Every structure is written in C-alpha cells, then in structure tokens.
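Take a look at the following structure, please.
Each chain carries a letter (A, B, C and D) given by its place in the written order, and its residues are counted from 1.
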Amino acid sequence: MHAQTVRLIHLKQVGPDCHLLKFDCPEVANQARPGQFVHLRVTAGCDPLLRRPFSVMRTNPAEGSFEVLVRVVGRGTEMLAQSQPGSEFHVLGPLGNPFELSGPEGDVVLVAGGVGVAPLIFLATALHESERHRYVRALFGAGTEDDLCCWLELSGVCDEFTAVTEDGSAGETGLVTDFLPEQLDRGAGCVYACGPRAMLAEVARQCQAAAVPCFVSLEQWMGCGVGACLGCVIPTRASGVGRYQRVCKDGPVFDAAVIDWEAMRGGCGPG
Amino acid sequence: MHAQTVRLIHLKQVGPDCHLLKFDCPEVANQARPGQFVHLRVTAGCDPLLRRPFSVMRTNPAEGSFEVLVRVVGRGTEMLAQSQPGSEFHVLGPLGNPFELSGPEGDVVLVAGGVGVAPLIFLATALHESERHRYVRALFGAGTEDDLCCWLELSGVCDEFTAVTEDGSAGETGLVTDFLPEQLDRGAGCVYACGPRAMLAEVARQCQAAAVPCFVSLEQWMGCGVGACLGCVIPTRASGVGRYQRVCKDGPVFDAAVIDWEAMRGGCGPG
Amino acid sequence: MAAGRVDLSVDLAGLRLVNPVLVASGTFGYGTEYADLVDVSKLGGIITKGITLQPREGNPPPRICETPAGMLNAIGLQNPGVEVFICDKLPALREFGIPVIVNIAGETADDYVALAARLSECEAIAALELNLSCPNVKQGGMHFGIDCALTRTVVGAVREATRLPLITKLSPNVTDIAALARAARDGGTDALSLINTLLGMNVDIRRRQPTLANVTGGLSGPAIRPVAVRMVWDVADAVDLPIVGMGGIMSAADALQFIMAGATAVAVGTANFVDPGVTGRIIKDLAVFCEEHGVARIADLIGAAHSEESR
Amino acid sequence: MAAGRVDLSVDLAGLRLVNPVLVASGTFGYGTEYADLVDVSKLGGIITKGITLQPREGNPPPRICETPAGMLNAIGLQNPGVEVFICDKLPALREFGIPVIVNIAGETADDYVALAARLSECEAIAALELNLSCPNVKQGGMHFGIDCALTRTVVGAVREATRLPLITKLSPNVTDIAALARAARDGGTDALSLINTLLGMNVDIRRRQPTLANVTGGLSGPAIRPVAVRMVWDVADAVDLPIVGMGGIMSAADALQFIMAGATAVAVGTANFVDPGVTGRIIKDLAVFCEEHGVARIADLIGAAHSEESR
C-alpha cells in the first residue's frame, strides 16, 4: 500500500460519460492485482472532501502506469473527467483484496455491468496471461451500445464474449443476467461479477441455485479506504461483530454466498 | 451592475506573486469607472465559498475586455493564478463608487502601494484621456523592484513618476510615504491613494495636515459585494447608524477625512 | 406534465406563497440591494434584515470571516430602526408585489411587543419573523431562544399584540430543539423558522486573536446544512406547525432535503452572496424535479422522508 | 532557532506528549490500519476507536455520507469488546511506543466503571477517554453527555475506579458546553476533550429517505471547525483543565487555532481519511511556525488568543 502524488498522463473519453484515465505510478503498476482499487483525492481543497475509490482496470508495469475507467456520476468524477493531463493527484493504493485467480477447476464466467467492467478487464487480462490458461467466457451488459465502454479491451482477452444491451443497439437484447442461465447450463468453474447491485444480487442468486462459486466486487461509500473507520460496511450472513464487513479491507471482492442480499435490498448504499 | 459568466482570455505573470488576468466581458469593459471593482467567483464549488473582490485595472471597450491585477495571498488567488485561459468565471460588476475624476483644481498626486496600483492605473489612464487634462504625479512603492508590478503601465499615463522600494533595488529607497511630503509641498489639488492600510493612514495624516483633499480605496472582507449583508464595513468618524460604512457600496473609495483611522489601527480587517 | 404545470405554491400558516423559496433574513438586505441582479418579484417571499425599535450601529469590524464551506458573521443587528424602516424601506419592498416578512429583534419582551404592534399598523406586511436567536448581540436575541420558558413568554406576548401571522425563528445552539419548538407553539406561534446560525469562532493565528472583533460569530452556509436538516426533521416530528427550513441551501436538491424533512418553505441565505441568481435557479429546478418525478404539487413532498418505511 | 530546536512537547494532565498531535477516536482504528502509511511512532499519541464491554456489531449501512466540507457517520460503535481489544489490539498498539489513550463507551454508569476497572489492569494504557458523547447509539453515549448531573455522576464513578488519567469527551450538541465542562471537572476528570460530532442528517431526495440507515449521524470535518474552536474557547474560559481540541483540523494552522483558543493538545480525525500524511505534516509545520515566530515552546501558545487585548 502506497500513498503518493501521481501525475495524470493520459485521459480519453470512451463513452457518453466514461473516461479512461492513465496515471504515472510504478508502485501501483507493479503491485496491483485484479479486483484491487485505488483511493484518489480529487482536489487539494475540501470540495469534495473525501477520496473517491476506483477499481484498477489495467496496469502497465513496463511503463509504470495504471488506468482507471471513470463514469461521471457527480462532482468528484466530473472534476476528474475535466482535468488536464499533467495534473497531479494524491493516490492511495493498491487497496483491498483481489480476485482469487486460482479458483476452482472449469471455465471462468465473467459478468460485467457498465463500468463494472473495469476490474473484470484486469482479471481477464491476468487470466489470459497466466501460465495455467483457463477458458474465459464474458458477458458484458449496458444500456446501449455506447455504454459498452472498453468492450474491445475485454473481448480481446476472453475466449468467448457476449455483449448485451437493454435497447438491442449492440449484441443481444435484454439484461445481462438474462444470458447467464445458458452460461451456467454449459457448466462453469466459477463466476466473477461486477456491476450494479441489482445485477449482482441476481447473479448471486443464479449461481447459488446452480451451485457455482461466485465472487462479486461490491461498492460502498468510503471514508478511509484502509479499514480504520468502519464506514464502508455491507451486511453479511454472519451475526455479531462479523455481521458487517468492510468493503475496503475485507472486500471489495466477496464470496457472494456470505453476503446478506436480502439486507442489501433495502438500499444500503450506492448502486 | 451585471452578473454573468465570463471567459478568461489571457493570463500573465507580472511579478513574483502577481498575475494580470484579462476577461472577455463587454458589460464591465463599457461601464467600469476607475476605483470600481468586480466580485469574482473563483470556483463553482464551495472551497472557497465566497467571491473575491478585485479592482478593475484596465478596460478595453473596443475589445470588450477588462483586466485585474491579482496578488497571490491565499487559496482563492492561487486558484485564479493557476487557471487556464478559456476557463469560465462568474463575475459581478462593476461594483462600488468610483474615484471622482472632477476633483479640486491643481495637480493630482497618486500614491500606490503594491497591487494597490491597479485602480490608480485605471484612474491615471482616465485622467490622461480626459478632455480636461490634469497634471498627474505618481508615487509607486513596493518592497523590491520585482514587486513594482505594472509600473510601466502607470508611468506611461502620468506626467511624473517616482518609484520607491524598501530595499532600494529600484528608484528611491524607503517607504512611499517618505516621499509624499515633497509632493504636498509642491502643492496638490488632490491625492488619490490605494495600498496597505498603514500606508493609507499615513497618507491621510499627511494630507490632512497639509489640508489637501485625499481619497483612498479601502479593503475589507466581503460577503455579498452589493451592500446587502453589512459585512464589509469600516469605521468612520460618524456616530450612530452612520458609523460603520460599507466598503462595497459606500466605498471602496472614501474621503480620507471621514475614516476613523484610530479605530482602524486595532486591525479591523485585511491589510 | 410540463414544468410550467407543476404547482409550486405552498400555504405557510395561511400565507399563500407562489413558490416555497424565500430569502433569509440579513442576507438580502431590504430587497433593493439585489434588485438589479435578481427578479425579486419571482421569489416566494422576502424576509428582511432584522429590525429593532431603535437604530443600531452594529458591531465593529471585522464582522465576517470565511470558513470551510461556510462563513462567520457578527453584524450585530446594524439597522436604521423600525421608524426609518417603515418610511424608507417598506415602500420599495411593497413594490415587489411579494409577501414581505419582517424579521424583528429586541432586548426585552416589551421590545418585541412594541415592534409587533407598530408593524401591525402598516399595510403590506405579510408576516413577522421573531428573531429569538441572534447570536451576535449582548442582550436579547439568542438569550430568549435558548430558554423554553422565555421563548413561550415572548411569543405569547407578541401573539397578543398582533394579528399578523407569526413565525418564530429558532436557534440551533440548544440541546433540544424540539422542546424550544413546543415552547414557541405553546406561546401561539403560527409557524417556525430554523435554523439561525451556529455559534462559532475563528482565530487569526498571525495576530493571536479572534478574527472577528466580536470574538464569536454565527456560522452559516453549506457547512451547516446537515445540522439544519436534522433540526427540521426533529421539529417536524415534534410539532404540527409549518416550518421554514434554512441553513446552507445552495440548490434545488438542498431545498428538497429540507422539504422532505418537513419544511413547508425554505429560505436561502449565504448562497445569495455566492450566486445572486441562485434563488431563480432553485425555483426553476424545483419545477424540473417535480416534473421528472411525476409530482404534481410540491406540497406533496413536504415531510416525504418521514414515511413509515424510513423509521 | 532551528525547527528541530523548537520544543513541541506538552503536558496533558501529567501525561507528557512529545508533540501535541493525537489522532481522534474512531478515525485511526487501532493504529495498525494506518501503519503502512503513517509513522505512528511519531505521533503525540493515539486515541483508539470506542470500546464497549461487550462486542457490538454496529449500525446497518449506509453508515457514512459526504456533506459540504464534512461527513456524517453513524458507525454505532462497532467494536470487538474490551476483552478482544486487550488480547488482540493492545499488544500491537503498545509496539508504537507512544501514549495509548483508550476511548470507552457504555450504556450505563456501571459499564463505564467496569471498563475503566478492567483497562486499569493493563499495562501500556496511558489514559482513558470517556466518550459521553457518541450520537449514534440508542442507549448511553450522548445521553450522558448532554446532562450535567449525569455527566458528573458518571465521571465521579469512573474516577473512583481508576488511577489512570481521565479525559472526558464532551458533546457539542448542548446549549451550554461550559456547564458540562464544569460538571466533568466536579466529577474529577483530569482533562477534557472536545468536540465530538454535531448531530446532523442528510436526505436522499431520489429515494425520499434519510441517506443513513440510522437516520441521523455525527457531522465531522472542516465544516465544524468554527463551532469546535468556539467551544474550546468557552471551555478554556470556564474551567482550569487541560483540553484536547478537535473538530475539522486539516493543517497546522487549524491546530494552532485550537491551541491559541486554549487547547493543550489536538486530535486529528476526519483529515486522516482525506490525507493519511496529514499528522506528520502538521507536526512538522507546527515546528516551522514556532521557529518563524520566535516561539521556543509550543506550550507558550496555549490560550494565547485569550490575552487581555482581545477581550
């Protein structure tokens, strides 16, 4: 874990409200693992006050850089999208627990929704480059074709790739979870998912029914990002002190089976 | 008085911490009079929250632009100095009462300290261009040669110009007020001054002793800038409701004789 | 439903406001100061700077100071007194054609009564706002507003002196805002407004002295919004009176937080300094929000966050 | 005088701190969470997350929410309980070699007494901070801290149960902070710390519900600094006890405001989240300030803004 000031070296709009930001930071480039995130201070002032978490989408250890895919949803992401290459940002990272690469035998199924694709691109790249080559099938869903940001980056490192849009403007028509049953029917060693909560809950439900291990990357508003404030918790099926686990430290990747999806339904955080 | 979003069209560093900023704004360009100021919103966010007041240094009605000279003293001025041409800012102005151009007969003496030179450059330019040509003698003081920002702009529109630096790196050595007595001895119709409070108090004292009318441009922290909040007052010699007058609305130019310089000494505001 | 079709009007203790957006006392002068910049006639109403029986010169400067997302002020109720107000300020205020709510402050209960009686003789005053909460004066002001018995007494006395709608403005510098609200209700107030400023201070570390000449001042602006929303929420739970919510409102989203927490109307204060166009934008954006969310009358959103579900 | 020569040490009720910069309870975990990022051994001391007798699971999420220049939290004292704290957390805390101040919270006076007694058996605890001011739990917490008689009773009972230095943490959600300070003094506290968070809330206008599952939360961060400085000022005037000042400290300049207002030490809270390096920078900049202003001992600045001149 490092804390340092890094330089934004490149910035590219890759969708209606999506931007790819590349930072010069050898430490994160070398150490980040798929599923980990960085905690970025958007301004030196106090508006907004808190840092913003973003999953690492790609590292380039040779160049000493890493990339994040940012969707503009509010003031902090807006400021990031508007910033100039050369600007400096304070970054903490890499943070959190990565996806387990050495999951159970069998095909890997990735389920991405919107910018949730970012950590899965990193994961698919790592699987693709790993010695123990595993067959990777990806589902990537979004509202429209334009929202399928960085789909090329994902399809390029998967063995099979299915795009799904709600309006049918690209790939299959519907929700990404409509197409998960057939993937599960074909047999799968393990499912990794990242995206909106409702999507994750449905993925988790289907995987549990099919008895396929499932790992999800969750989001929650964060204070410290390092496990100190207990602000970013999500409900698990445990009780007592273990009931609420920290997304920043115990996650953001969780075994879907430990999450209390019922309690999440009340709307206990973003997305 | 206008409220609008204007574009920064040019920005130039003109001293160790001084920057000249030019904004595209026909309304202020056409309407501003020497001594008036603009109230600038430095950020669309709330850090810093309040607007910042700056005297108009120059207008260019043909181009539809106006300029302000900004000394970096804190966060707001730092942000202005760092901004990119093309950025947009919300501006209120022109605000406040201008210098009376049609002052008493006789030579005009200008006394400028540091960035206090800004409104006096505008004033000297207006006097220079006015039909009734008056003889203008200017004193401009600062710490060092480098701090004599925009002295060329001032000397170019005065009939006599004396620079004064505390360290003697340019012009005369000492405080600008050390050189006011000889100006007053030569006879003067009227003195106009802008600069640090201690300087203004001394200018006022000398002018009163010499029975020369003196007008000063004062500063105070501002809330609204338009006379509504009663936040920006300075003490005058009046008593009752008239005792405290608003820099933004009743000033920023005041007859030095009405100011309660004794009460100002306690340190009742910036400078 | 077009934005123009949304009904933004609200009923504030019998006072019909065409929209719920007022300007807060002390931040909009007597209306004329902003007349060049703001179409004042489009506001839901205007609450004037605090008026006292006698003219007041106010506190020595510095009177204000910026803080993170906020500001401190210690104006000390500088004002020309009620007679000059009536002669010089009220005629222009009336011209705007919107409800004029006059904020009054006193050092004794009798002061409040005299002010209320005098102002009740004037036409064109829509309501009185009883400032029991000014933190920046030595006598009166907040000293009433932090004591339940005093609050009840003063409100009761003023109630007898006027038939104008009475809005009591509460101080946030108390342990139990709901108790104060009940005291004002028991005194006979028609509505409540909250919050006034939080007592704060700043130290000028270079001069090793308080920055404000008055030592302490009142904190306003976005910084205090969460405290204000919480107090509106608490008071809405405690009493059945209409509330004017304020404290850090900078946008329609902020205004909606207050409305959903239980405010019938809102007042915009410090934000006027930051952006004089803010009230116009809020009024417009409130209509847009209602339209986008299928809300026919903004009044339907009052207290909406108090539904069973959220308890 | 070189910065290295400035004496930054202070005496907090007999506790010698090498510098006046502590970390505030609940914002620095049990020290280890930040150990990769911060040289914890250079801090003046560490105040741990609030500990209760029994483990607590805390409040459901969302527990935090950002506000202008601040944040709301409603953690609800999630903690593993005093026994696990002693076994699992204390040994690592001791390793930092700095004073460890343990923040304790209870639902009854007996809870506080039992906690104090149990922790007094441990080595390596420098002092106890009595959290009478947690706004986010249903029982205990702030309910003590807003009542003078209860405060005096609880402090008095704990005083009897321990010989450790006792720091009582006050709630800012009160009408008269000085009265609470006097009550804690009368109960026998050795020092005071203030402020805890201001009670606030946020409404999620899209969902028409409070943003936090707990409805209300505690406001912290730069937004509350002026309120905190004012309360430290008031308490310094009211009682003759050392004060740990906190609330929105982001820089040495902020820390100096508290010190000049009367604080002997300061605690940095929310700022740790924004910038984990903040405490190191504050310690360095305090030395630089002293050097530049010819101050040999930072202790000479305690209460400096209370000079006659400024009254």
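We adopt the following convention: a residue touches a chain if its C-beta (ideal position, glycine included) is under 8 Å from a C-beta of that chain, and two chains touch if they have at least 3 such contacts.
Please read all numbers here as calculations on a predicted model, not as lab measurements.
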Exercise. Using direct touches as single steps, what is the fewest number of steps from subunit C over to subunit D?
Worked result: 1
Exercise. Counting one step for each move to a touching chain, how far apart are subunit A and subunit B?
Worked result: 1
For this session: Could you tell me which pair, B-D or B-C, is linked by more C-beta pairs in contact?
Result: B-C
Seminar exercise, completed: Maximum distance between Cα centroids and subunit B occurs for chain A
Problem set entry | Distance from subunit D to subunit A - Cα centre to Cα centre, in angstrom | 36
Seminar exercise, completed: Whole-Å distance, C-alpha centre of subunit A to that of subunit C, is 45
Exercise. What are the residues of subunit A that contact at least two other chains?
Worked result: 46-48
For this session: Give me the residues of subunit C that touch two or more other chains.
Result: 68-70, 209, 221-222
For this session: Examine which chains touch each other and state the graph shape they make (line, ring, star, complete, other).
Result: complete
For this session: Sort out for me which residues of subunit C touch subunit A in the complex.
Result: 68-69
Problem set entry | Contact footprint of subunit A on subunit D as seen in their complex | 26-29, 33-34, 36-37, 49, 55-58, 60-66, 68-71, 73, 75, 78-81, 207, 209, 213, 221-222, 250, 270, 272-277
Problem set entry | Residue numbers on subunit A that touch subunit C, as the complex places them | 46-47
For this session: Enumerate the contact residues on subunit C facing subunit D in the complex.
Result: 67-70, 72, 146, 173-175, 198-203, 205, 208-210, 215-217, 219, 221-227, 229-230, 233, 248, 253, 256-257, 260-261, 289, 301, 304-305, 307, 309-311
For this session: Give every residue of subunit B touching subunit A within the complex, in rising order.
Result: 43, 45-48, 75, 84
